[in-house]
Every structure is written in structure tokens, then in C-alpha cells.
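Listed after this line are the structures, all set down as C-alpha cells.
Next come two complexes built around chain A: one with chain B, the other with chain C.
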Partner chain A sequence: MNHKRHHTLIEQIAEKIGLIPNLHQETETPLDRLTEPGHLTNFPPPEKWDDWVEYEAKDWPRLSKKHYTIVPTTCFNCEAACGLTAFIDKETGQVRKFEGNPYHPASRGRNCAKGPATINQITDPDRILYPMKRKGERGEGQWERVSWDEALDDIAARIRKALLEKRNNEVVYHVGRPGHEGYMDRVLQSWNVDGHNSHTNICSSGARFGYSIWYGYDRPSPDHANADFIFLISAHLESGHYFNPHAQRIIEAKMKGAKLAVLDPRLSNTASMSDYWMPSYPGTEAAVLLAIAKILLDEGLYNRAYMEKWVNWQDYLKKMHPGVDVTFENYILKMQEEYQEFTPEFAEKESGVKATMIVDVARQIGKAGERFSTHNWRSASSGNLGGWAVSRCLHFLNVLTGSVGTVGGTSPSAWNKIKPKFFDTPPAQTFWNELHFPKEYPLAFFEPSFLLPHFLKEGRGRMEVYFTRVFNPVWTYPDGFTWIEALSSEQMIGMHIALTPTWNETAFWADYVLPMGLASERHDLNSYETHSGVWIAFRQPVLREAARRNGKPVTFTYEANPGEVWEEDEFWIELSWRIDPDGSLGIRKHFLSPYRPGEKINVDEYYQYIFENIAGLPEAARNARPDGTRLHEAVWRF
Partner chain B sequence: MLTKAISAGAFLVPFLSLVSGAAQPGLNNVWWGLGLALVFLGATGALLVKDLDRPDRFLNVLLRPQWGSWLVRGGYAISVYGALVALNGLFLLLNIRVLEMALIWVTAIAAVIVAIYTAFLFAQAKGRDFWQSPALSLHMLVHSVMAGAAAFGILSFFQDAQADWTRFLITVLIAGLSVNLFTIILEIVTPHPTVDAKAVVKMIVKGRYRRLFWFGVMAFGNILPLVLLSAAGSEPMVLAASGLVVLIGIYLTEHIWVEAPQRIPLV
Partner chain C sequence: MKRFGAFEVETHSYKKNEKVLSETELDGSALDEESGLISKNGSAIGVMVDGKPFVGFPTPSRKNEFFSQTMIDWKWPEYAIPTYIKSHIHLDHLDQSKGEYVLVPTFRLPTLIHSRSGNAKWLTEISNRNPIWMHPDDAGRIGVKTGDLLKVNTDIGYFVDKVWVTQGMKPGVVACSHHIGRWRRQQDPEGNRWAVNTVSIENDGNGGWRMRTVRNVGPFESKDPDSKRIFWTDGGVHQNITHAVHPDPISGMHCWHQRVRLEKAGLRTITAIFSWTPTRPTKCIKNG
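Moving on to the complex of A and B:
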């Protein structure tokens, strides 16, 4: 195929005499082509990242060259942490655009719209650029700019006083989007506070519970790419955890011939791509799943070898059917009896999904056997009373087909995730905070955080220092007005600090609004079960890395970021030192450099230690950079 | 499209009278014809440029030509026609008789292309089923001849015209209106092959354009001038009024023919 466009005589003459812009001018030194014409290169090759030159689109038709330094980071606009590359204009020192990072193992350079949109966030004219302290009453909307030092000293003094007075339970950190691996648990343990609260109970804890009671892991890791049959509850092509890495792999599998079934009342984008759209009435998912289970049992489509080995069928028979011989055949008979009411016709009546389709899907699942991947996260599990049974019934199908931990099956989350080794692990807390885990809810799976303001109103406790971090309960929780009541009371909450990259309704009720970085302005470690594989990714403040490459390293990230936008990692180190200025509380010792004895750890050392202790990573980095670049330098760069 | 039709028709109508020998337009009318052709061609060009998303880049259409597109071919047709009309004026002014007939014939062919190229441009919009009709070019050519005759009809009110020229105009208008009515009815009653084209016909005949179509196009724009011209066309006042009504009728027809097919969702 000829990709050269014919340059007509008319065009040549018109360009020569200046009637139309000259698009065929030669520059003194044109940019090298990366490939032959007709072939495409999706990404700048990494060896050119330090000085990437491309023509400036805005100068059209002039061929002017723009020099960039390209710094990798990860997205912070959902939990998946897909790879981004920041294009930093060498002239202005500003981030000009974001593209996908082709070397990110989960996203592989393909991002959803939220990734490149980070540029809108960092240049948002209304963003908070400096630490703000409230003036007047809480919630009055009056703010004054303060320095990081003032804010740190004030907050540290409050926490120190609470700890000295054994009011450890009055220090609370409440997180919406974590986006890191274990950082905060370590900090809270070092303070000896049981201070972690999360948003999980209005989110995924229903599904997590259903999975957890099967095998102790609270999340699935479906290997969609290698599956023959994929079963999704809700719209995992466009929403939910890791939808972008999942979507790529689901479509890959479909292109190899896999079939996709989607149980979703909506004709979502995912449902529209499915081979079997099963629009069930909300809350009836479990009936459909159990009808499928019944067909697998009745038609002998289960995986006998797997079940004999991994299911405690002997215990089941002995306990539930004491008079029956303990044989696998009897177990199957009893299971068939157990599920006999869940006929496809019953499921159709309950759910509205046609019985014939249920039978067809069940047989396809049976045929796929070990190559059967499934996923349920929020939707049906969080939207219905007893929603945990949805993920439980779904995983039942994986158990019946023996597709647990197989190629193309569904693995436990932790199989595809790295747990970092820290330079220091403080002992467990000696306190139990009943505002988070009240004793009358012993089976609560994650903190019943939606009850927190009600507990405060009942007088079960108070919070002297309350951090909300990328967390906006006034807007996202049911009953936001109760949150406003609690947040506006200094009796219930002594000091509220909102750690946030953006203004939000909860930050409005804070004493301090402390601006924390967006995707390209912060350090974090990411490792998630996006596919069958273990990976680790590094989120980093790209302007800080650019400054380092430029030979002008900074001490703190806020020196490189826009305004004085900071990041939590360094904030917690500084705050912890100020809570324990003389080391007498035993906190400071957990924030000492593993490389410079007696001195305060810095954020580079924190990650250097982790990277050095990840099996295989130092070798991989050496191979990638045979010129002897230090490990963490290789990570910064690539 | 109306200005384009007038421009092409202003040349074609005197041309037809000459070659058919039906009437002598007279030098005065020939000058008027050339003038109207150039003025309305200029107006057409201005409207076309204004209609582009990026008018500032209109030169790219002509000077970075994509020869496969009727937008480009049409642009060149307009330019060439303009140049030929101007050359006719020059020949007339300097009384050059060499190759005079050849020039007139070539200009007439250019006028026909200017009149009908839009039909080919529309046909390139493959998603617009109603525009795929082969009758579209005939429809535009007839409009052009009608528009030219209508313009001269209005003009004849303001100056003394020869009787045979006026008769010729009336004949052309009546013939044009008849053919026009015939093609419109053909478009409506012929079974269209696609659902979208059927939907457009329904929209015109029974839907949102029904009043505009039946009262504006059919009754007012075609039947009324047909009746007036048949009854009392030789009255200068009637001829001029009919000319005006015909032009309005053409405008309304083109409005519907351009807009209605685009109201069909492409997905």
C-alpha cells in the first residue's frame, strides 16, 4: 500500500506563491522516522525518554520541534493504577500531556479517558494549591493560607497530647481511595492507634465477604485472557475494579473464541458486547447462579477430580447426613437434593432470565471447565440485602468446574499481588477502637463506617483528630446530613483535616484542607490482581523526577509540584517526627533511615528499600539498565 | 442552490432561445444574462465559503485538490464557468467573432455542470438514501432553467421586451414547471428501495414538511404560476409575479430536499 500522498502541481504552485500554507517545507534537520512510512509507532522508545523531540502540533504548518522529558507514573483516578507517561516540556518545565505507559504490565499503554484527563486536574483553575486553615466557625467557608510547618506543628501537638493522655482512640484516619500498599497501616501502628477506617462497607465488603468465606481471600483474580467462558455480574468492561486492564483481556479472549455472559439488568456497554445478556431483576442473581449450579450437578458437568480434593465433602456428609455412606457419589446425590428447587424455570420466574438461556449458559460453563473466569465486585453484592450471597454463589460455579487457580480460571487475589517488605514494622496496636469495630457487630466485614456519625451522636466516643483522605462521605454516603452534623460539631470532632487533591463537600467542614497530589504529583506503590501475573508499579511526582534529571533535586515533593501541593508519604514522615520530637513516645524510631543511622528517612529511601527487597526486581532492573544505573534510579526512569 | 440555479439559468435561457431560434433575446438581455450569471455565481461562491466549517481554509479545497470529491470538482466548475462568462462578456465588448459559437457552447456546457454538480456531490453522501436518486440531476437542471427564465421574467417588467422573447420565457417557464411537477411527483410515488428514503418521503408528504410541501412547493410554487402563466402570461405584471413565485417555490423545494434527508439518524 502506498502511503505517499500525491502532491499536485496546483498544490505546489499555490504553496510556492503563498496562497496556502507550505506543508512540504524541508527543515534543516528533520526528525528521524522511527519506522518506515506505513508502519506506526505507538509510543516513544524508552531510550529517547530523557530527550524526546516531536513536532509541535500547535505551530502548524511550521515544523518546530518540541523537547520533552518523559517521566512514567501511574494513574490515580481509580484503583487500577494504569501506567501513564508525563510529557514534560523542557522549556517551561510543565507537564504538557499524559499518554499511556506501554510498559505497564496491566494497562499496556491502553488507558481509559480518565488517565490522560489528569492534565485537566493538574491545571484546574479552581484547585487547592496551598494548605488552608479555616477562619471563623467550621463550615463557614472562610479560609486562610498557612505554611506546611504551621499545619504540621498544630496537628502534631494535638495528636501528641492525645497520645500522652492515652486517648489513642481519638486519632482516626478515614480513607476513601487508598492507592498505595500498606503505607498507612504502618504509620498508624507506629503511633499505636487503632485509627484506620475505610469506605469499604458502602462499597465492596459484600462481595468480599462472599469470596472470603470460600477460601479466605476476599477478592477474585479472573484470568480472562485465557478463559473459554467468561461470566460477569455487572459491567466490568466499563466500571468496577480494574475495568480497563480487564476489558482488554476480555476482548482478547473473545477474539480467540471465548464466550461472554453478563448478568446485568442494564444493557450496559458490557452487556452489549456479550454473547449472553442475562438481564435479571435486581437482587435475583443468586437464583440464576444456583440454577446453573444445579444443571452442572445434574448433568455431570462438575470437575470430580478437583472437588474430591479441594471440597470438604466428607465433613458435609458426616455433619448433614450422618446415616449416609461417606462416598463422593453420595455427596453428589445429596447436593442434587440440596439444590433441587433451583430449576431453570424457578430461576426464570424469579429473575426474568429465560430458562433456556440459563440451561445454555450452564452447559457452556460446563464445557469451558477449568477455563471459566468470573467476576463480581460491587453492584448486586453491595446493592442488595444479603448481597454477599451473589459472590458466594458465583464462586460456587468456579468450585464446581474446578476453575479455581487454573489457567483461564479464577484465582485468589493474593496470588497475583506483591506485598512489599518495609524497612521497619512497628508492633501491633494495643488499642481497639469501638467506633470502627463495635463489639455488637462481631461479624462485620470491614468497618461499618456508615455508622460512625451516629456513634458520635450517641456519645460512644469522640475524635480529637480526624483525617479524611480522598474521602467524601457528605456526598457519597447515605445520610450525608448526619455527617454534616458530626463534622460541624467540635465536641464530636476536635479537629478535622481533609487530605485531598480537590475541593469536596466534606473538605468544606474541615479545619485544615491540605492539598495532596494527583497522579503525577505523589509517590505510591501499586500492585493489583488485574490479570494472571504479579506486577508492581511506581507512582511518582513527575516534576520532582524531572528536576532530578535536570540536576536540581528537591528535598520535598511540594517544592516541585504546582503551588505547595504535597503528598501523604512525606507528610506522614514529617508529622510523625513532630508528634514525637524527642523520641520518648517510641514513634520516631520507626521513621529512621535504613541507610543513614539515626537520621530521618526520606521518601526515596523508603521506596529504595522496598525495591531492593522485591525478589527478582534488582536483577530485572540490572538487565534493563546494564550501564550500572542504581536500582531506584532505574525505577524512577522507567 | 437558488443563486447557483439563477446564475446557470441566466446563461442557459438566452442560449436556448438562440440555438432553438425561438426568439431573439436582444443585446440588452444578453448583457443582463451575463451580469446576472456573474453576480449570482459570486453570491454562490460566498455562500459556499461561508458554509464551510473553516471558511479561512477554503482555498485548500481548490488548491490542495482531492479530485475524487464533487466539492472540488464543483468548485472548479464554478471557477471555470465564471471565467467563461467573463470571456463571453469580453468577446461581446470587443466584438470578437472568432470562435464565438464555440465559446457559447462551451459556456453552456459549463453552466449545465454548475447547475447539476450538486446532485453528484449529494450522491457522494452515501448515508443519505434520498439523495441517491438519479432524478436529482434532472431536478436541478430544470430548476436552473426555471430560475433563469423567472429572473428574466421579473426583468421584463422593468424594460420593454420583444413579444417573441416574452413568449419564449412563458413557454420555458410552463415547460419547466410541468417537468418539475412531473419529477417531484415521480420522486414521491416511485417506491424507494430503502427504509430511510421511504422515511424521507413520508416526512415530506405526511410529516413535518407536509404543509411546506403541499402549500408552499406544490400549490404556491408550481401550480399557481402554472395557472397564472397559462391564463395571462403575456401581462408583464403577471409574468413578473409568476417569476417571483417560481423563485420562492424553488427555494422552498431545495430547502426540503436538502434538509429532510439529513433528519434521518445515521445510527
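Moving on to the complex of A and C:
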């Protein structure tokens, strides 16, 4: 192929008078095309990832070559953990850009705007690079730089004292966006504290409860790609849990002829792409869903074979209608009675959605049968008193159509997730913290954490050491001023440690602000129910991996990170050792290497153990040729 | 994993409830003939369906529970089967003649992630304001047009935000996106300056709080030349801080939707805007 560029007269003159760089300086061999002209390749082929060469866009029109190491990791700018590839400039050792990872089974190389924007976050001029300790009163705004040793020793001593004095319930870790959830559960169990608090009750508890009461799993996993009818009470073409993996599969189904219905009072991007926009009044979604259920029942559009086997209808008849013969026909009859008021006209009166549209959608759902995928995560279930009834009524439609766990239907989340096996599992903690699970909410699904500062103000307890991580309740939670009141009080909160890469409204009221790595600067494990299938992805600090490939491996991630930015995984190992320096508290033994007896575990070993115990992974890795090309063939199946 | 970053463990995962229990799993188990429930060591491990011992679902009946004994046991018999529960913002609870509406404060933008993306300049450039979405009929009733200021009164206070009049909103419902309206006080360290307004916060010591914006988002000097090119100024309004907590008695979920009373922003606010002081009309008040 001829790559020689012919320079225009204007270019040649501009070159001569020095307005542009010398175009004739390029004497190296031009880069080979990856494909024939007229064709495009989306991603560099994996055998070239160790030394990927492309032209420097900013040097145009001069053709200067840049050499990159391409290291995969995962995005942290929502919960989906889509694949990213970091292009690390071999000359400067810095990440130049992030693109998608074609070998990630959920995102398949595609990303939303938030993935590539990771580069902004790691180069943000305002990011925190060193541990900071407050000066003056908490919240006063005065800070000084301290060493990690000083911070770790101070925090560890506080925790150790609390544990020795049996104040285990005063040690709390409060996380906004968790990643590898099992990691922290293991750490907190090893400390014997009931110290995990989450953000789930401002997020998804409502939906979770509605699903859980049906089938013991707390999330849906729709197989959108194979559905004939897709029903969303969410905006999954644009936002929400796993929206990028979901959106590409929803569109895939639509291209094959699937219909999409969206229940939302707002014309979201998703609603604008739907076949049926059902702008329901907020909180009336369950009325619409039950009207659909009634039509499926009245018109015989339900899946008898599935329901007869997989619904506890006998219990229902025996308990609610004693004396009635326990037959499936009677079950249908009784349900028709239960829901007789939910006519399409009643649903229209409640929701404002036209009765004719409800009937039309119900019949389409009946026709789709087992190929009916649904989703509700936050939205209606999170907005409303009784919001959990929305996901409950939505799953009812999947049960009626027999589309639970089918091709094109909706599976429980846990079927599409993997639980890692740890090298060590400490015994369950022996404490119960009522600041997290108060007695007034016996069925609360996860901790009603937005009540925490209110409980503290009521004097129900206190916290000696309070970690916040990826967590900004002053801003995100309702009634942030009450959070400020609680965070300002050393009586209520002895020490507040904010683990964060960047300043936020909550960190302003911390005692320590400890900088933690962004997406590409730390380890994590991801496995989410994005589609039918099970996958695991590895978030890794890309500069650490680049250093390894470059023959200069580092022991700790902070050695590869900018400034003194740590990663959480190493922080918790180090802190746990310092809480129990002589091993007498029984904590340290849970942080020993499974490969080097008696030694402190390192992060590589931690993940090595997990990966060695994932079905099929060691075999796939063994089958890989030294350059790794066959490994991708093994892992890359759709 | 270091090389490719991901591994597919299963390509498809369907009908896992129909996994047949193994001989080992069944060893020592007992079958309840009437319900088909298979138990071992006091807990259900599966269910007999069509003569086969399936693992089923992790529920007491190992099936989908249309009927929930759990809800009855915890004294909510009215919720034993799927039901419709009228929300706290149901129209029965709103007086529209007094300007009461439901505020949907939760919707997410495709380009931002909660309060974690104020450090991403490209994302902030795309999304940097969070007006109140309102249907033209409602805007007409209240007497506001796009860009006008609206006072949104919640259970415990109020905030003031601009209006965006759009047919993309259901009449009677207003919405305001999540993510935007970040702030720091003047004494706080600089951070996320692409997205952060500088505010003053006053506390009356009696549970009353007031927040005002004293400086908008604007260009700043840094090692990144783009920081001098910031052209947006809005920075948005922090709404959640004016929301009361609403726990659902069963799920424990905070019920985000707000019953709000909407009115055109009052004289004091208008004065503040048109006085051309740097004061922005962002106010949040919380009473006790």
C-alpha cells in the first residue's frame, strides 16, 4: 500500500517559511494499515497491546509515531464497571487516553461519555495528592499535610482502643459506591465489628424488597437482547444501573423487531426511543401493572405450565381461601376476583395513561410470552411510599408470562453474577449495631442509612471511628444540614476519615482526608448481572501493570500512583496489621499470605487466589500462548 | 486478567431453578409429600416438581411466592399478595389549587455520576445546570416561562431554581435532575472547580440553615489550560439538602419524591438577582 502523502503547494510554502513543522522530516516507515482501505477496525489487535504505535494527533500534519502500552481496567463512573483500556505513553509513562475494552463481555468495547472522561479525573488539577489532617475545629476549613504513617497509626490506635474496650459498634465503614463488596465484609468481620453501612436505602432498597419477597433474589437481570417485548420503569437507554450494557442490548432487540414500553412521567431519552411512552403519574405504576395483569388473566394470556409448577398458588388458596378446592382453575378465579377493580379505566384514572394503550401493551406482553424482559431499579420503587410494590407487581407480569429465567425473559441477578472465593473467611461478627438496623424497621432491606445522623442526634449511639468512602451524604442524601450537624459534633462522631480522590461536601467535615486512587489507580473485582451470562472483570492500577510489563515491578500501588495516592485494598491490609501489631486481637491472622506463610498478604496474592478459583479461568490462562492471544479467544465468546 | 481484564465464566445462564439436586445434596434430606418441599438440616433445599427434585428459588416454598407468609408473619397481612399502595405523593394527598405538585428529584443524566464527576471537565462542560422541568400548562398556571425563577417549597424548607418549560413533562409533575448544584464554602479547599459554586452557609443555631451562592462557576488558573476556558457559569442548585427524610416502613427506603408547593420566586429573591450582586438566588432553608 502506498502511504506517501503528497503535500499541497500551500503546505509546502507554509513548511518553507516555518509556519508548520517540516513535513519531510518523517523518514520512518509509515504505519501499516490494519485493514484494507474502506474498512475500519475498532480496536488494536491484542498481540500489539504491549507496543501499540499510532500517529500523534496533535502533531498533524507531521506524522510522528507514539508508542503505547495498552492496559485494561474497568470504569468506575457508574456501577456497570464497563471495560476500559488505558493507552500509556511509553515515553512519558503517563496515561494518554482511555478507550473501551473489546474483551469485556458486558460492555463489548463500547462506552458512554463517562468512560473516556476518566482521563479528566486522573489529570484534574484539583485532585488530592497527599493525606490531609484538619487543623482547628472540625469543619473550619483548615488543613495540613501529614504522612501516611502518622494517619495510619492514629486511626489504628483509635480502633484498637475501641475494640479492647468492647466498643466494637463504634467502628463504622460507610460506603457509597461499593466495588468488590466481599472485600470489605471480610475486613470488617476480621475486626469483629458490625460496621458496614451502605447507601442502598437511598438507592434501590424499594426495588430489592419487591423482588426479594417474590423469589429470594433482590435484583432483576433482563435478557433484553433476546426479548420480543421490553418493559422499562427506568431510563435504561441513558442512565441507571448497567445502562451501557443494557442499552446496547435493548437496541439490538429493537433492531430485531422487539417493542419497547417505558413507564415514566418524563420524556427521557429512553422514553423518546420507545414504542409506547406511558407517562404515568408518579407512584401509580403498580396500578398500571395490575391492570395489565388483569388483562393477561381475563384474556387467558398467562403461562399456565410455568405458573402451575413455579408459583406457590396452593399455599395461597389454603391460607387465604380455606374451603376452596386447591385447583389451578380456582387460583386463576381467585386472582381475577382479587384484581377485579384494576380495570384499564381505573388504571387510567390513577395514572393518566390511556386505557387503550394499557390494553394494547398488555396484549403485546401476552404475545411475547417467555420473551418478555422487564426492568425497574430506582425510579418508581425509590421515589414512593410503598415503592417496593412496583417491582413486586412488575415481577408478577414475568411470573404470569412465564418469562422468569428464560431466553429473552428476566432472570434473577444472582444467576448472572459470580461470588469470589476468598483465601480466608473470618467468622461472623458477634455484634449487632442498631444504628444500622433499628428495630422499628424489621424488614428494612439494607441499612436505613439516611436516618443515621437523626439517630445520633437522638442519642441512640455514637461512632468513635467513622470511615466514609465514595460517599458524600452532605450533598447526596436528603436533609444534608442534619448530616453537617452530626459531622460537626465530636460527641457524636469521634473521628471522621474521608477516603476520597477529590474534595467533596462531606470531606469538609472530616478529620483525615486520605486520597484514594481513581478507576485506573486501584484494584477491584467486578461481576454484574448485565445480561444472560456470567463474567468477571478486573479493575487494576494501570501504571502498576505497565511497570510490571516494563520489567520494573512495584510492590505497592502507591508507588505507581501520582503523589501519595493509595488504594483501598492496600490501606485496609496495612491498617489491619497496625490495629493488631502483635496478633493478640486475632485480626492479623486474616491478612496473611496464602502463599508465603506468616507474611503479610499483598494485593497480587489476594487476586491471584480468587482467579485461581474461578471455574475455567486457570485452564483458559494455561491454554494461552505466551503472547496471550489464545486467552482472548477463550474468554471472548458471545 | 492483567492482560485482557475480563473473563466470561458462562455464556448463558437460564432456568437455574430447574437445576436437579445431586445425590449428595439429597443425601439425608426429607420430602414433604404435600408441598413437595425438600428439606435438610431444618432448611428447605429444593422442591419436587413433576417428580424431579429441583433446587428452585431461595424462598420458603422454593417457588415464586405470589402469596407471602412472611408479610403475614410480620403483621402486614394486607400485603400478602401483590398490591397497589398509594404513594405519599398520590393526588389524594395534594392540593393542586394551592400550587402543590409532585417533584421527581431523582432522574440521572447520561453524562454524570452522582457527586463524583465534578472532577471531569468534559462531562461538566456537557452538563452543568439542573433546571426544573415543567409542562407549559403548569408554567402558564404559575405564570413562569423558561429561565424564570421558581421557589420550590418542601416539607422542611425551600430552594430556588430556574424553570425549563417543556412538553416532555407530564402536567402536574415537575422534575429536577440529580448530580448538579455542587458547592464549597469560601474557607474550604478548592476542588472540582469545573462544577462547584462557592456558597455562604448561615446557621441560626436553632435548626435553621441558609445557603446562598456567593460566586458561580468560572474560569480559573491551573496547570490545565482548559480551566481558563470555562464558559458556563450556572453550577446548578443543590435540591436534596431541602428534602426531609421519608422512610418506607417496610423496605426502609427513603421515598425520594417530594410534595412541593411551587410559587414564583418572591420579591427578595428577585431583588437579589436584579441588583447585579454576585449573589445567586440559591437558598436553602431548613427549619428544625
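As a working rule, the second predicted complex is superposed on the first by the 594 of 638 C-alpha atoms of A that agree within 3 Å, B and C clash if a C-alpha of one lies under 4 Å from a C-alpha of the other, contacts with A are read in each partner's own complex, and residues count from 1 in each chain.
Here is the rule we go by: contacts are C-beta pairs under 8 Å (C-beta built on N, C-alpha and C of every residue); 3 or more make two chains touch, one makes a residue touch a chain.
Worth saying up front: this structure is predicted, and the values here are computed from it rather than measured.
Colleague: Could you say whether A:Leu19 touches chain B, chain C, both of them, or neither, answering first, second, both or neither?
Modeller: In the superposition, A:Leu19 contacts chain B only.
Colleague: Does the superposition put A:Thr8 against chain B (first), chain C (second), both, or neither?
Modeller: first
Colleague: Using the superposition on chain A described above, determine whether A:Gln189 touches chain B (first), chain C (second), both, or neither.
Modeller: neither
Colleague: Which partner, chain B or chain C, is in contact with more residues of chain A?
Modeller: Of the two chains, more chain A residues are contacted by C.
Colleague: According to the stated criteria, A:Ser198 is in contact with first (chain B), second (chain C), both, or neither; which is it?
Modeller: neither
Colleague: One more residue to check, A:Gln248. First (chain B), second (chain C), both or neither?
Modeller: neither
Colleague: Regarding the shared-chain residue A:Gln540, is it in contact with chain B (first), chain C (second), both, or neither?
Modeller: Only chain C is touched by A:Gln540; chain B is not.
Colleague: Which chain A residues come up in both lists, the one for chain B and the one for chain C?
Modeller: Shared contact residues on chain A (touching chain B in one complex, chain C in the other): none at all.
Colleague: Inside the complex, what are the residues of chain C that reach chain A?
Modeller: Its residues touching chain A are 1-17, 35, 49-50, 56-59, 61, 63-72, 74, 79-91, 102, 104, 106-123, 126, 133, 156, 166-170, 172-173, 175, 182-185, 187-193, 203, 209, 222-224, 227, 238, 240-241, 243-257, 284, 286.
Colleague: How about chain A: which of its residues touch chain B in the complex?
Modeller: Those residues of chain A that touch chain B are 8, 10-11, 14, 19-20.
Colleague: Provide the residue numbers of chain B that touch chain A in the complex, in ascending order.
Modeller: Touching chain A from chain B are residues 59-60, 62-65.
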